[in-house]
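Chain IDs A, B, C and D follow the sequence of writing; residue 1 opens each chain.
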Amino acid sequence: MPRPESKTITFTIDGREVSAPENTMLVDAAKLGDVEIPVFCYEPKLGQPVGACRMCLVEIEGIPKLQTGCSTPVKDGMVVYTQSDRVTIAQQAVVEFLLINHPLDCPVCDKGGECPLQDITFGWGGGISRFVEPKRHFVKPLELSPLIAIDRERCILCYRCVRFSQEISEDYQLVLLDRGAHSYVATFDGHPYVAPFSGNIVELCPVGALTSRAYRFRARPWDIESAGSVCTLCPAQCNVAVTVRDERALRVLAREHPEVDDGWLCDKGRFAYQSFHVPERITQPLVRDGGFLRPVSWERALDEASAGLRRAGARAAGVAAGTTTSEEGLLLARLLREGLGSPHLDARRSGTVSTGLARALAAPALQARVSDLEFAHAVLVLDTEPVDDAPILDLRLRKGVRRHRTKLAVASPGATTLAEPATLCVRFAPGAGAAFAVALAAALRGEDHAALARDAGAEADQVAALSDLLRGSESDEAQGPHEVVILWGERLTAGDSADHGAQALLSLADALGLADTDGAGLLEIPAHANGRGLREAGVLPNAGPGYGELAGAAGRDAAGIAAGLAAGELSAVYLLHCDPLRDLPDRQAWGEALASASTVVAHASHLTQGIREHADVVFPAEAYPEKEGTVVHPDGRVQRLRPAIAHPGEVRHEWRVLAELAERAGLELTLHSGAAAAELLYASVPFYAGLTLDEIGGRGVRWQERAAATELGAAAPPAPGPGAASASAGEAAAYRSLWDAPEVEFSPTLEFLFPHPELLADDRAASAELLAPELETAS
Amino acid sequence: MSPLGWDTAADLEKPPAEIPSPGEVDVPEGLRAEIEAHMANYPDRRSAALPALAAAQREHGWCSPQAIAQVAAVMRVTPAYLESVASFYDMLETEPVGRHSVYVCTNISCSLRGADALLADFQRAVDGDPEVNVRAFECLGACDIAPMASVDGVYVGPLSSQDIPALLDDVRAGRAVLPERQLARRLVADPHANSTEFPQHPAQGAAHGGANLELPTEDPATARGRREPR
Amino acid sequence: MAAADTAAPMLLFTDIDEPGLATREVYERRGGYESLRRALAMSPEDVLAQLEASGLRGRGGAGFAMGKKVSFLPKGAMDKYLVCNADESEPGTFKDRELMQKSPHMLVEGIVIASYAAGATRSFIYIRGEYVLQADALDAALAEAREAGYVGDDILGSGHSLTLVVHRGAGAYICGEETGLLDSLEGKRGNPRLKPPFPANQGLYQGPTLINNVETLATVPAIIRMGGEEYAKLGVETSTGTKLVSVSGHVQRPGNYEIELGIPSREIVYGLAGGPPEGRGVKCWFPGGSSSPVLTADDLDLPYDFDTLAKAGSMLGSGAIIVVDDATPILDVAMKTAKFYRHESCGKCTPCREGTNWTVKMLERIDAGEATPMDLEIMASVQEHIIGNCLCVLGDAMAMPIGSMIAKFKDELEAHMERARLRRGSGDRIASDSALAAQGALANDPRTMLGATGAGDQAPGAHEGAPGTHRGGA
Amino acid sequence: MASPPNSEDGGAAGAPGTSAATLNVAAWSPGDDVIEVQRTPAPGPTRSTWRTFVETLRGLGTTFGRFHETPVTVQYPEEKTPVYPRFRGRHKLHRFEDTPQNGAQAGLEKCVGCSLCAAACPADCIRVVAAENTPEHRVSAGERYAEIYEINLSRCIFCGYCEVACPFDAITMGHDYELSDYDRTDLIFTKEMLLAEPLERTPLRNEGE
């Protein structure tokens, strides 16, 4: 769908000529001329303006009544006054009305100091109130959910929170009850407001009516600093601003990036920062000694790890996941490949896509941007559940349907939360994603797909309907090329049918002409937060940095490593931000594998079961605001993590630990700073060539849009090997809840969402036993 | 006193109130059929919220959480959405009330003719009777028979305090309330509206228009006396 | 009877009380649905031309030309909607009730003709939930009309189709505001929407929507029958045709009257409705429902039409005349009015939500003797701050009459305030009343009317800890 | 303003000397804006003799005239110098007295931990970490209280902005000026120290003294 284009017009505001794009709302256009029009209810992210608060009244020449600046689009030659007597009186009147029932308890209010109501009262209010009647008083604060407190005295009924619930996250749980001056924000019958995105209402609230219970009274705006970062708790990599006080993270806010997150955050991203500062966090190196993990010095831990790995030599293996940065991935790869001579490493959950296909899938022409999800004519969500795998994209898909009438189709093995906005929902058998894609590609090519659909456990006519939807009707074609985005999950290329899945995707792309259409393409949601970056850094069994060919034979993939360890063919494994029992399929196999491994080295921040029971050396892992390094968004946006808070305890930069181990294994790296590690990465990956930290900046840069992108090289996709795509059992039950993460488990206010309460008790107890005394003496 | 809900926190033990899954809520068959029929009337199923809630209120007596959950289950919307709608409208009760409703209009035209005293007398007369819900109501659109009341949807007026016992007897017995005072029987006041050709409505007698209406006859002094009973 | 001189041509009320007029049989016997046949024989453009020629102005309150409203709808094939606003809840108004109850087919016929002219294929009658009898009458009439093929697919072989649904509201004044009505019809809370976009472009379900009052639509068959230009000859130049007026309050014969626009208001109040009870005079009167600024007895000679009343600082509104006699304290009228709008404010926009609430509190303080003359100024200024600054007109609907009462009855309000203060000081109202009367302070204060607060307070929960009942004597 | 001890007496003693240093504008005038001040005694034998004897005797007269007076030295630290009532000394935090009104219970801290003092402090010497009151553990009258309240008195410039900023009159500047210590860390005053009554009361000057 063509993105709106607008021409620039000139209008006059307070006697100043200002140029602005036509039809921008006056409030936004005025900012271009350095004129501020105060607003409460206006928030463009929430959709159409509602004009409820009446704070933004302005005078427009030729219109007798005052108009709301938030809902009046600018037109050429418009003459606007925001300082005239009429406007001043009206604005003072609105402030006076709003403060009638506001308790003015700013000193105890968490919003104090960063409160739009304070600022606007100060800037546009009359200074006095003529309201002498008693104000209303109620019990406060009240709990709206375990995460959010509500103070109804302070509410000015701007509708932002209920609009969010109804129009953005579309959960319709938070509503306004009663009428008129009695209206109040509430939920149904005292149920809590629990939804994946509920925390956004705290940030939206222009007064202190909705506050975060985790941040409650922790700091004042003048006590804190804000540090830009990138949340790496899931592949969506939302841009965030970490609120820092005394070098600890106290809060996470959205740092709006229209190409990444659109200004929203999921509750995991918003509240899981608490897990960085809990006593259960590992802050010292641990070594297994006499069957128990014990805190030791760094030197000892490095010695043990180094010795264990060297003993294993080529029989060592590595698995990276979670928050691992690309630099760390690269160093792990070099440690294993060059230092130990082992090709066995992986950053995927299972299965290997052959290099040629991987390169073809990464071709810049095929890559969709995140904003394409919003503007495309049709979007197919294929074998992924956005709300669990990359939550923020769920909001983007809903926005596309709501605002741009994007046709949304969902193909999944189970029920989807996108059923309501979706035009079409198609089911297939669990694990049969690749087979389904093959059937769909056949349908799109106009071939007989009935048998293929049956193999995938889908209904043939539904597959046909889906193919019709993706192809678009003739009237759609009249409006220009039909833009289709396919949002697919990594599990489509999992297990044995990885190549089939990749092949099917490429033929889908071919049939829909995705490569030739601007605004169309493929967008993969990898299983791990930096999945794409790690693959590009060469953390793959069959490819080096930048999908380069390997000198030697291909190594084992994650499943292969597990099998190798269990069979004794491999003896050591290096786990980077990965507890295989949690993060990788086939828990049982991994349990056996880790039990038989002679050396297990792990970087972990919490003692989850796999680490607790099997790791021999545990290095304390960094949380993302402590890290320095590069991560790559699923759409190829290279983003930087910069240290925002201090390392707790004895935590060290992980790239430094890996470099140290690599040097002990005989490599000459001479890395002295995080920037040097980044340089090494950008030099190693051909299509990152020439990247600098300045170029990445705070907003990141898509490598596909840089000249060096051609370095990826075109690869003729090899023909699929023998054997049909089949359901892979390992991935069948692998839909993993958003809340199934140690960061959720160890965040005090978030833990109620953790889906495995039985694990929670175990992990807690073990951590407390091991770490608590140490921490007490340390503090 | 604060309106209900203002001081209420969420019960963190409860699960979030999402759209009830089918089978989670038992819906009486008749109610389900009625709501589904309403939904078929509109291009968007949400439009049926008002008629559906009204139907549920007839079934349950008020829009109880259970009633709302039932409607939500049939309409496939969240209960919070329906609660929000129900609490906006005066005729949808979000608190338990008596099964019979007596809305006494206390808006300006009725007030000018003594509705406030009528309401007070009504409330005294039903004090302690949980079955009859007497409440003040904004203009019911029957200022020509002021002061008046809508008794279970039937408009009667003009009323005086003397009519209250008879009226309540009729309500409790399930009879038609004060048949001779019902709006349905009233002719328009405009003397020109009815030319000649048709026979007079027997119940209305010979007189046309306003002539058949009894204006409250008491003088201001007695009116004042009645209004300040204590 | 004096009214006989002003005998207007009957268009809507012709034999309105004929038994059985609500049935198709009687309605057709009286020439019903002839206009529909005639309209369907014309092109939609011709029907629209007739409506424009008639000069018919909307009867709901705003008085916007109906033909123009229809012509604003975008042309072309799309889902267009026609919504009949039968949410008659302006205090003092009860004319639509009469039409729907006694002549529902006239409305149905009007809707079908208007939908034909507007190209709308879906239509809804949004009737207030309190009108049970009337909604039932409409449902019955609709069933008959469907049976006879006046509503449904391919009406009378014209190719025009229309689905018509009676939608019952549930008690909210704000749903009479057209955009609030649309939200309510979509199953939401009846909050008004921001305009623009206007309903004609983006209304019900985001489609172009024509919204008209019952009386307006019920007039359509008469216009088609007699021709637009002929209709325009009735009334005065900018206010054509006949109008139903609902007269209530302190008059001897309250009820609905059909008048030709432009007759003197005195004819209506004194001639038709018989004027206030014996021995009383008119203190003030609302010419167009409770949201119109009040006029005084001096204004009774104004011709009753849209423009004259607007020029006099008020409005014709929905044509509901409420007469207040001189035995009624103006404060009680103001209090009733303000409380009504406080109760009915939807709460969406700030000035209306807080302004109505604040006004009631100030009035209560005045009545409780806790106010000073400065409070009258504050109250007047609050009304000015509300007018024109709200999302919809409900705020204005309170602020205009209250503002007009403060302006026109300032002396009385100040006297009231002063007496209340004295009473408060002496603590005993009855005793002090006689004492004050002795001093002549209570002249012209019969204090008859209503216990404007106390029992009449129906806002669910006056949680603010209201100053309490102030009518002493407890 | 706090005056140094004995400033009045010192001023009186110096009076003769200053009167001797007469202003002597030279005959020549370098310009209207230049005034020449002669600081040495005027030359000449008469003048010199006068100075040697008469002035010395006059000075001794003053000295002996004061012989009968008691000493004015203040025996600090045994004896405390009084300060004026508005003297800005070490801060104090306050509790509600036994006045259980306005929702405040007796003895609750007035400070709600709003941090406004920290915001107002130009020396950045106040650190407040707030926490939430619970029914079981109620410290202040509001929703929040100061869990940590520290003033680094080695940085404080005693400007008094903190008491001006405080919306609850919870912090005021006291009269205690004895703020020396052997260790800088001991100069970080905690909430308990600030809430406690000073061991010895600083004497106040009387009105007009």
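The criterion applied here is as follows: contacts are C-beta pairs under 8 Å (C-beta built on N, C-alpha and C of every residue); 3 or more make two chains touch, one makes a residue touch a chain.
Remember, it's a predicted structure, so these values are computed and weren't measured experimentally.
S.K.: Among the remaining chains, which ones contact both chain A and chain C?
M.R.: B
S.K.: Mind having a look at which chain is the central one, using mean CA positions?
M.R.: Measuring from the global C-alpha mean, the nearest chain centre belongs to A.
S.K.: Two chains share more C-beta contact pairs than any other pair here; which two are they?
M.R.: The chain pair sharing the largest number of C-beta contacts is B-C.
S.K.: Approximately how many whole Å separate the CA-defined centres of chain B and chain C?
M.R.: 20
S.K.: Quick check: how many Å separate the C-alpha centres of chain A and chain B?
M.R.: Chain A and chain B have C-alpha centres separated by 52 Å.
S.K.: How big is the gap, in whole Å, between where the Cα atoms of chain A centre and where those of chain D centre?
M.R.: 57
S.K.: Rounded to the nearest whole Å, what is the centre-to-centre distance of chain B and chain D, using the mean of the C-alpha atoms as each centre?
M.R.: Centres of chain B and chain D (C-alpha means) sit 75 Å apart.
S.K.: Among the residues of chain B, which are close enough to touch at least two other chains?
M.R.: 2-3, 6, 84, 88
S.K.: Show the residues in chain C shared as contacts by 2 or more other chains, in ascending order.
M.R.: Where chain C meets two or more other chains at a single residue, that happens at 172, 189, 343-344, 346, 460-461, 463.
S.K.: Throw together a list of every chain pair that touches.
M.R.: Contacting pairs: A-B, A-C, A-D, B-C.
S.K.: Touching chain C in the complex: which residues of chain A?
M.R.: Answer in residue numbers: 48-55, 57, 65-66, 68, 71, 89-90, 93-94, 96-98, 100-101, 130-131, 133-134, 136, 156-157, 159, 176, 178-183.
S.K.: Where on chain A does chain B make contact in their complex?
M.R.: So the residues of chain A touching chain B come out as 136, 138-139, 142-146, 150, 152, 166, 171-179, 182, 184, 186-195.
S.K.: If we count contacts the way the header does, which residues on chain D are in touch with chain A in the complex?
M.R.: Residues of chain D touching chain A: 112-116, 118-119, 128-132, 142-144, 167-168.
S.K.: Mind pulling up the chain C residues that touch chain B in the complex?
M.R.: Residue positions touching the partner: 1, 3-4, 7-8, 10, 13-19, 79, 88-94, 96-98, 101-102, 122, 128-133, 165, 167-173, 184-190, 205, 246-250, 252-258, 272-274, 277, 290, 320, 322, 324, 327-328, 332-333, 336-337, 340, 343-344, 346, 446-452, 454-458, 460-463, 471, 473-474.
S.K.: Given the complex with chain D, which residues does chain A contribute to the contact?
M.R.: 105-108, 112-113, 140-141, 216-220, 222-223
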